[in-house]
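One chain, subunit A, links the two complexes that follow: it is found with subunit B in the first and with subunit C in the second.
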Partner chain A sequence: MLPLSLLNAAQNKPMLVELKNGETFNGHLVNCDNFMNITLREVYQTSAEGDKFWKLKECYIRGSTIKYLRVPDQLLDVVKEEQNRAREAGRSSRGGSGGSRGARGVSQRGGRGAVRGGPMRGARGRGRGA
Partner chain B sequence: MLVVLRDGRKLHGVLRSYDQFANLVLEDTVERIYHQDVYAEMKRGLYLIRGENVVLLGEIDLDQEDDVPLKQVDWETLEPYHQKDIADKKARDELKANVLFEKRGFCKEGGEGDGY
Partner chain C sequence: MLSLINWRLKVTVNDGRAFVGQMLAFDRHMNLVLAECEEFRRVRPKKKSGETEAGPAQEMKRTLGLVILRGETVVSLSVEGPPPAGDDEKKNAVRNPSLFSGQPN
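After this line comes the complex of A and B, so read on.
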């Protein structure tokens, strides 16, 4: 569970974003990307000194200006559970075919290494296989 | 884990995850402030910290943590002192920077003034 995948999982969740300049934004996450750029809706913006407040319908924050984000505690549990379910689903759907695929892999590797053998050839083959 | 941020904040929490940028996920985080030989903490919860802002990340020995010779007090009691410490340090640093600039020919610091 990488930090950015946690952020992705936090969509539609409330969060607090503090920028490097100390300003904070309270709102619900609408969307985010791999640069940590985010959009929030129903935002309360607070100045760095904590003395001024603004209410914004929606706002966009460039990822590079962010210091940290505070997200709901429960989010980590939710994400862990989702991940487990995804892993289980993946295992059961792969189930039977996994064995035969493995066997094919071994025979191919044996043939390449022992009979045809050239290193270039071997490397190319492995790339295509994966 | 103890995390120190560029703005001087000290966060204690459980490191749950990190990536190639040192972005961190900290669970059950508490923020600690210090003044002389006392400290106070405030519950903060789940943090996602952007790696750029991390100065230091260190593991805490929980056994040694038990005999730290500091006294814990209420956050409300300590916070004014902490704010004053910060303000004093800022004033001192500005004074120092001015002296260096005017008398010693140093350049003015262009960054955010936190030395990082």
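After this line comes the complex of A and C, so read on.
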């Protein structure tokens, strides 16, 4: 599991995002990419001092401005379950790490669709080809 | 880093806060996944020149739960405690080489 794959698995889940400037955003994750850029829906924005609030229908947050994200604890169980399933499937069909590598690629592709690219593009291409 | 996985770590970030939690995952950016994470911030009692009594450095603690911490903000890591007992499943995950498959280096 990688931090960004956990984020991917958090789609449609509620989360809290704190930015480097201290502002926080509470909302449901709509989408994210490998830069950690995210879009949220039904957002409550709070100023850094915690004294002002805004409600936003939807908002986009540039990944580089994020300090941390809080995601639901239950998400871990979901991801582990998925991982185990993928590993078992890989073992029974081909066995070993090759299987889980393939499975990992599949789950990520399913998660994010067309919006992607960025730093890991080269590695992923190789992974699929193998 | 790999040897620290599943350990309970204290992570200092660049705004002075510290996050203590079990590190479940990291990547090359030092993005971290911390489970059962708690945030600590030292509230240094700022003394005006007239005041003399040294108020105790208050430690504010917040429970955050599962956190994805952006690597850019990480300043330092230190071990807070060993992996919580009774998670063999997680130990297996560490041994599994697939953890790092597909990562260019």
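To be clear about the criterion, the second predicted complex is superposed on the first by the 94 of 130 C-alpha atoms of A that agree within 3 Å, B and C clash if a C-alpha of one lies under 4 Å from a C-alpha of the other, contacts with A are read in each partner's own complex, and residues count from 1 in each chain.
Just so it is clear, a contact is a pair of C-beta atoms (placed from the backbone, for glycine too) under 8 Å apart; a residue touches a chain by one contact, two chains touch by 3 or more.
Remember, it's a predicted structure, so these values are computed and weren't measured experimentally.
S.K.: By the touch definition at the top of the document, which applies to A:Gln83: first (subunit B), second (subunit C), both, or neither?
M.R.: second
S.K.: According to the stated criteria, A:Gln11 is in contact with first (subunit B), second (subunit C), both, or neither; which is it?
M.R.: neither
S.K.: Go through the superposed model and pick first if A:Met1 touches only subunit B, second if only subunit C, both, or neither.
M.R.: both
S.K.: Just to be sure I read the superposition right, which of the two partners does A:Asp73 touch: subunit B = first, subunit C = second, or both, or neither?
M.R.: both
S.K.: Which partner does A:Asn34 reach: the first (subunit B), the second (subunit C), both, or neither?
M.R.: The answer is neither, since A:Asn34 touches no partner chain.
S.K.: More residues of subunit A in touch with subunit C or with subunit B?
M.R.: Counting contacted residues of subunit A, the larger count belongs to C.
S.K.: Per the definitions at the top, what is the overlap between the subunit A residues touching subunit B and those touching subunit C?
M.R.: Touching subunit B and subunit C on subunit A: residues 1-4, 6-7, 20, 22, 36, 63-64, 66-73, 75-76.
S.K.: Where on subunit C does subunit A make contact in their complex?
M.R.: Per the touch definition, subunit C meets subunit A at residues 13, 15, 19, 24-27, 31-33, 35, 64-70, 72-73, 89, 93, 96-99, 101-104.
S.K.: Residue numbers of subunit B touching subunit A in their complex, please.
M.R.: Touch residues, subunit B against subunit A: 5-7, 16-19, 23-25, 27-28, 44-50, 52-53, 112.
S.K.: How about subunit A: which of its residues touch subunit C in the complex?
M.R.: So the residues of subunit A touching subunit C come out as 1-4, 6-7, 20, 22, 36, 63-64, 66-73, 75-76, 80, 83, 87, 90, 97, 100-101, 104-105, 120, 122-124, 126-127.
S.K.: Could you please specify the touching residues of subunit A with respect to subunit B in the complex?
M.R.: Per the stated touch rule, the residues are 1-4, 6-7, 20, 22, 36, 63-64, 66-73, 75-76.
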